[in-house]
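Here come two complexes built around chain A, the first alongside chain B, the second alongside chain C.
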Partner chain A sequence: MKKCQELAKIFWSFFRIGAFTFGGGFAMIPLIERELVERRGWITDHEFYDVICVAQSAPGAVAVNTAVLTGSRLYGTAGSFAAGLGVMLPSFMVMLAIAIAFDRLMSISMVEAVFRGIRPVVVALILYAAYRLSRTVRRSAYNLMLGTVAVFALVVMGIHPIYALLGAAACGLLRAVLT
Partner chain B sequence: MLQKLLQLFIAMAKVGILGYGGGQAMVPVMELEAVQNLGWLTTQEFGDAYALGNTLPGPIITKMAAYIGYRQAGIIGSVVGVLGVLLPSVVAMVVLTIVFFEFKDLPFAKGLLRGLRPVIMVLLIFVTFKIGKGALIGSSSYVIAGLALIAIGYFKIHPVFVILASMVYGAVFLAK
Partner chain C sequence: MRPTKGGANMKTLWLLFWTFFRIGAFGFGGGYAMVSLIQTDVVHGYSWLSPEEFTDIIAIAEMTPGPIAINSATFVGYRIYGFLGALVATVGVIMVSFALVLAVARLLQRCWDSRNLQLVLSSLRPVVIVLILIAALEIGRTAFLGWTDVIVALAALWLIVKMKVHPILLILAGGVLGAVIY
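Showing the complex of A and B:
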């Protein structure tokens, strides 16, 4: 019984995080910290830093990774499931509802007009995401070369982007092993 | 049906593996799979879903996976899509946790991360161009995109409000 209560508490905490963090990923970190470290006192600041470190080193969304890691530290595998489900369930349900209603919505001319308004903004959003990502890339000759080679391979040689990603991953691994 | 679900699962798992560097970094890889490789959506539909997803709370990637999965195979599809996109990171974290708390630093993961980021950045810029081709028609749309970029990047207005404002603008001025 106690275990169920604990798991429900973990689930609910992450449900709240999932429901109230707009902007995804790194925007969620301060909120998660407030909930876990300050409000619940489940982990210390130092542990939280370690968790964020691992969450960023793994592929995938930082928020989901952080949830799964914290959940597992609190209550093992069951905890990681409770936390992971909690953090993604709100957005999953809302998006599913929208997907279900999408075609019907799009036939309303007002909704179509709304989307005509959004489309140019999407360009700005993605461009800004690229800019933010670029700030986490160190300005080194190596990175500049890697980026240039990628542009050349993609545009001039027309290789499939998947190979560009795999190649970059291989270079990164090789470099880590050699240095 | 089963084949479709399997295809969906594999496509999303690929995104989960190669989308390195947080939620937004997964967007170009997802576009690659869903739009270019499998032709499940047009670039414009992908952009629409992305914009909508950004106005809703929670990680962007679960929203995109739920949306694409639902379009392919209904509610089961959306569940399979989300599971596929999350599985690689969960597995990676189980392994990394063991490695991390054992050795305290992760040369492999850090190397991977450093290697992938510049290329993902290049891909993000490509996606910008692709979506821009369909979205930027006429000078007013360039002005709106420019204003949005200034609002988000310079004035640090949260993207949610910028998207909401553009929705109102569309409803008022762009209705036919």
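Showing the complex of A and C:
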């Protein structure tokens, strides 16, 4: 009985995080910290830093990774499922509703005009994401070479992004072995 | 495409799952790093979404709660195969990171301080930046229909980098501008 209550609490906490963190990814981190560290006191600030570090290194959405990790720390595998399900459910439901209404909404000329105005802003947001990431990269010859080769392979040769990522990982491994 | 009986539909579901499984598995850096992968497979590869629809989904994902990868998976899945499709694509996109993070949680109590792993991850970053820039260019092709759009994008970029304006506010402003001029 107590177990169910604990799991429900974990689920509900992450459901709230999933429902109120707009923008996804890094925008979620301060909100998650407030809920888990300050409000619930489930993990310490230091532990939270470790969780975020692993969550960012693994592939996939940072919010989901954070939820799964924290859930697992609190209550093992059952906890990670409760947390993961909780954090995903709000966006799943909202997106399902939007997908159902999408075609009907887009046929309204007003809505189409609104989205035409938004599209250039989306370009700016994506450029901003690249800018933010570029500030974490050292301007070394190695990184510059990786970037240049990636441009050539992706744009000129037209390889699939997955192969570009695998190639970069191989370079990193090689470097780790050689140095 | 509506769900009916038959092998072809199972194949569609499987393809949906497999595509988003791959996107989730290689989506290092979260969020916009995955935009390029989704674009390559979902827009160019299978034509499940038009380029305009994809741009609109990014805007919607930014305004709705939750990570962009899950938002796109749910939307595309529903488009292709109804509720079942939405479920299959969403489960597919989180599967690898879920399993990986769970496995890592058991092994590690502290951050990954392994030097080798950090070298691999930091080698991915320059490539992810290139991928994001290419995604921005691709989206620019559908978003920039005239000089007004270019000016709006530059103004938005300036506002977010220099003035630290919240992305949702910029999207709202873009929407109001669109409603007024188009």
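The criterion applied here is as follows: the second predicted complex is superposed on the first by the 173 of 179 C-alpha atoms of A that agree within 3 Å, B and C clash if a C-alpha of one lies under 4 Å from a C-alpha of the other, contacts with A are read in each partner's own complex, and residues count from 1 in each chain.
Just so it is clear, a residue touches a chain if its C-beta (ideal position, glycine included) is under 8 Å from a C-beta of that chain, and two chains touch if they have at least 3 such contacts.
Just so we're clear, the structure is a prediction, and the values are computed from it rather than from any experiment.
State whether chain B and chain C clash or fit side by side on chain A once the two structures are superposed.
Clash: chain B and chain C overlap once superposed on chain A.
When the two structures are overlaid on chain A, which partner does A:I108 contact: first (chain B), second (chain C), both, or neither?
Neither chain B nor chain C is touched by A:I108.
Once the shared chain is lined up, is A:A8 touching chain B (first), chain C (second), both, or neither of them?
In the superposed model, A:A8 contacts neither chain B nor chain C.
Quick check on the superposed pair: does A:Y49 touch chain B, chain C, both, or neither? Answer first, second, both or neither.
Only chain C; A:Y49 stays clear of chain B.
Please identify the positions on chain A that touch both chain B and chain C, taking each partner from its own complex.
18-26, 28, 50, 53-65, 68-69, 72, 80, 84, 87-88, 90-92, 94-96, 98-100, 110, 112-131, 133-134, 136-137, 143-144, 146-147, 150-151, 154, 161-162, 164-165, 167-169, 171-173, 175-176
Which chain A residues qualify as touching chain B in the complex?
18-26, 28, 50, 53-65, 68-69, 72, 80, 84, 87-88, 90-92, 94-96, 98-100, 109-110, 112-134, 136-138, 143-144, 146-147, 150-151, 154, 161-162, 164-177
Report the residues of chain A in contact with chain C in the complex, numbered from low to high.
Within the complex, chain A touches chain C at residues 18-28, 49-50, 53-65, 68-69, 72-73, 77, 80, 84, 87-88, 90-92, 94-96, 98-100, 102, 106, 110, 112-131, 133-134, 136-137, 143-144, 146-147, 150-151, 154-155, 160-162, 164-165, 167-169, 171-173, 175-176.
State the interface residues of chain C toward chain A in the complex, per the touch definition above.
22, 24-33, 35-37, 40, 52, 55-56, 58-71, 74-75, 78-79, 83, 86, 90, 93-94, 96-98, 100-102, 104-106, 108-112, 115-117, 119-136, 139-140, 142-145, 149-150, 152-154, 156-157, 160-161, 167-168, 170-171, 173-179, 181-182
Going by the contact rule set out above, which residues of chain B touch chain A in the complex?
Listed in rising order, the residues are 14, 16-29, 32, 36, 44, 47-48, 50-63, 66-67, 70-71, 75, 78, 82, 85-86, 88-90, 92-93, 96-97, 100-101, 106-128, 131-132, 134-136, 141-142, 144-146, 148-149, 152-153, 158-160, 162-163, 166-171, 173-176.
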